[in-house]
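Following are the structures in question.
Below are two complexes that have chain A in common, paired first with chain B and then with chain C.
This part shows the complex of A and B:
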């Protein structure tokens, strides 16, 4: 059986998990190609304009997979981790896809994930797949166990300072240069994995910054223990990944010698309108430079380049003056 | 005499300046770009070359900034290619070492730069909207049939104030039509527009920032007296307008080029005034290699492809 996985949203966090999971169940995994202009324009065409770019891109990838002759397209519904919720658009993803792309109704493979931890391996959540994929509970259990191992392998690489795309390459046996240790500047690039690591959307933000001599730290390079939900820190952001990003920024501001924080956010992102301001205020208190880069489907590359250049110039001058 | 050139290629104007060893401005031209950056730069350099010949200038460094910096940098052989924010701040700090807030409003860009002890500590640039920039004024001036040069002076003659929604040029326009129908004079409406632009600019870019004097206001829009007065009213403080307010970006990048060449001791990359005569043609095409359909820019100098960029994969840019 061929399962299509859209290269969008939490592909950039959980792909090793789901790839292993489906392969263990004897399925073939078909991944959509990297985001490109056509995928974005297809996504925008089928999606209502009010939704954020990441969702439009997800739909674009779904459209692209429909031409790849797959049996099902995997559309996970991430609901909660413990008592914490995902962004409402993740919770409603199945409906968004279904009502955007008419022919998708019978092609979607939906699981409803209510994890206890960062690892989505609760067997109950996957039971509805047993019939569709013609597998037993024991097979599902075994596949989840293997999936967890792949996910943790990837997390380990992230903690060493590899970006997620680099970690995926390493898992596929490719050579990747080791993470930057020393650099002129260290910047926390705060944003969701699907914005930071989709090179088309972020205009290769990580690469651009590294070329300017910057060591880039993202939330996924920090241990989950550091950025976990912690009510002792006061009221925490309501949504899982928003909490991760916000706590990571907070940790970097207070515990790591960083020169600045860049918030990479998609136009019309609800959670970010809250945590963006919170991060800006935290940075202000500690006198750490903060910049927002807002991206949408029309963003021009030269604007992003100018802002990165000006920001790093400023940080270098500040550093030189100290 | 050694001189250092600065070129700022913006959407609306192209500025060419030269400073001498003691950072005095010896040449400054503000040229409308009119969508033809290469011709504008050539025109500026041609005028400069005449003066250079009669006054015996020797070009020792060239810096380029503005949205067209990459291409023009290639054409003239730039020593320094810098972004507009860094360039503007460098010039302002040079003339006003104690400046704390720089307002810069250009044709399509506007920025606020916060400076402390001559170092940029914060900045913001307009994002998705042009309502706080020169293009907004240009457009409204045209609509009211008033030359933009007289716009500011007319605003100063207004006796009453009228509030115009400045959130967006489209709404401003419908608001203006309504106010005209209510019987407000042109002068009052223009003053209302100036107030709206500044209000918008301060709301969008100054949000969350502490703006401290001395305030320096530069960029093409600083020629507009109505805007200057609106700024003074809204920040409640005197605003400094630099003598060379329209070409500060070019001066800043000339200063950077000067210090870079002095620090490295290397000769300049400047191709000489002969570069005006080069047959310099940029061309762009849509690559059909994959679904990205990148817009690739190809620069042809005297019939030979000298550089290519704009492709995501590097297929074209690495081929030169």
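This part shows the complex of A and C:
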């Protein structure tokens, strides 16, 4: 059985998990190609225009997989972690895909995930797959166990300072230079994994910043325990990834020597409009420079480059003046 | 304390509650262009429209000296959840020293809800708080009932503006009502007034009925939806709005096992299209469209703030519902840039379409199957 996995959204967080999971069940995993102009334009074509870019991109990847002759396309529906919710668009992803792309109805392999922790390994959620994939509960259980191991391996690499694509390469046995230790500047690059690590979307933000001598810290490089939901700190964003990003920014501002925060956000992202403002206000209080980069279908590469340069130059001057 | 609250539909009920609790009420102004401008100026650019309007309303309330703003936080992944906090931060940044209390839904966190009520109860004895709450709840219910009927009748008013004047008077009556006993009289009087307005009702088969569904704030507050109900009434169609404050209060305050509320039934009807609720009221709205078509309505208008997450999901399902049930649906996004002329044209075109359809009387299954055509027809309008 061939299972297509769109290289979008939480691919950038959970791929090792699902890859191992399906392989353990004896399926072949087919990934869509890296995001490119065609994928984006296909995605825009089929999706309601008001939706955010990442969702359009997801649809674009689904379209591209449709042409790849797969049996099923995996569309996980992330609902909640404990009492916390994912972005409503993640929850509605199934519907969005189903009703935007004709002929998707029978191809879609949906699981509804209501995990207790960061690891989506609740066996109940996967039971509906048993029939479609013709596997037993015991097999599912076993596959989930293995999947969890892969995921944790990847998390460990992230905590060492590797970006997620780097971690994926290492897991595949490739050589990757070790993460930067010393640098002129340290910047918190705050944004969702699917924006930060999709090179077409972020215009290779991490690489660009590193070339300018910046050590980049993203939320996934922090331990989940540091950025976990903590109601004692007052109301927090209740969208999982928004909370992660926001708490990560908060942690960096208060506990780490950072020179600035960059918020990388997608056009028309609902949760970001809230946490972006909150981060900005908090950076203001602590006198830490803050910059927002908002990307849409038309953002140009040179624009991003210039803004990064201006921001890092400013930070360097500030540092020199101190 | 000087209390204010966001403007959301008819606010007489809220006002009463705070008055009874002994607060000085700063009546929120109906959002005007200034409110919107203020809100837009002081809100994050990409936040949804209701946030901006509430922002504007709050600022205006603060200008008038409000010390406490009471708002509804709501529950679920989307609703205005942390908005209150962001509003507060922005107000503080602007230099207003104001407290915001957000009412959470009762059944999710009973303790928190009661705490919030006690925060504003202002030394009123608990028993009295309960009594007042009941009174106000009943009042909102009655007024909603009256308004509902008004939106049917207004389509047929003989002298333009009669019903609006009548409703203003009814609101005044309720404003002066403080006990259950008085309320009984007020209600009778109100109904009498309503039915005294001259109307010219056509025969049953000529009546056109439109349902309104969508994000709660924009469907309840007429200034955010360009008075869509009035516009529709003026085009000679009856309007039924799916969400009233009273329904909403019931839905949120009374747990499902104890309540046989319509909105829960809607929820179930929505279930066939999606297996979970994505935030706001999208499940109810999906169900509501089905509900309207089963009740023989001629069309549905779906309203949402631009970029509203849960309602976008409703919107993506609409073509499928139209295909299955043959009901035309017009979906529109509201924001500060929406132009009046644009709305009017689209409404007129839509109503023409609905009228043409209803001339054909009930649609047959064969026709429903044909509604793919219809769907295409709508693609242009939507």
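By our rule, the second predicted complex is superposed on the first by the 322 of 322 C-alpha atoms of A that agree within 3 Å, B and C clash if a C-alpha of one lies under 4 Å from a C-alpha of the other, contacts with A are read in each partner's own complex, and residues count from 1 in each chain.
One rule holds in what follows: contacts are C-beta pairs under 8 Å (C-beta built on N, C-alpha and C of every residue); 3 or more make two chains touch, one makes a residue touch a chain.
Just so we're clear, the structure is a prediction, and the values are computed from it rather than from any experiment.
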Clash or fit: chain B against chain C, after overlaying the two structures on chain A? fit
Quick one: classify A:91 as touching chain B (first), chain C (second), both or neither. second
Mind working out whether A:36 is in touch with chain B, chain C, both or neither, as first, second, both or neither? first
Can A:223 be said to touch chain B (first), chain C (second), both, or neither? neither
Quick check for you: in the superposed arrangement, does A:306 touch first (chain B), second (chain C), both or neither? first
Where does A:270 make contact in the superposed view: on chain B (first), on chain C (second), on both, or on neither? second
So in the superposed three-chain picture, is A:100 touching just chain B, just chain C, both, or none of them (first/second/both/neither)? second
Can A:289 be said to touch chain B (first), chain C (second), both, or neither? first
Counting residues of chain A touched by each of chain B and chain C, the higher count belongs to C
Minimum Cα separation between chain B and chain C after superposition, in Å, equals 6
Taking the two structures together, which residues of chain A meet both chain B and chain C? 267
Counting only contacts in the complex, chain A reaches chain C at residues 48, 50-51, 77, 79-80, 85-89, 91-92, 94-96, 99-100, 112, 234-239, 267-270, 272-274, 276-278, 281
Note which residues of chain B are touching chain A in the complex, please. 67, 82-86, 117-123, 125, 127-128, 208, 290-294, 312
Can you list the chain A residues touching chain B in their complex? 33, 36-39, 199-200, 204, 267, 280, 284, 289, 294, 296, 302-303, 305-307, 309-310, 313-314, 317-318, 321
What residues of chain C sit close enough to touch chain A in their complex? 44-48, 76-78, 81-86, 89-90, 93, 273-280, 282, 306-310, 312-313, 315-317, 319-320, 333
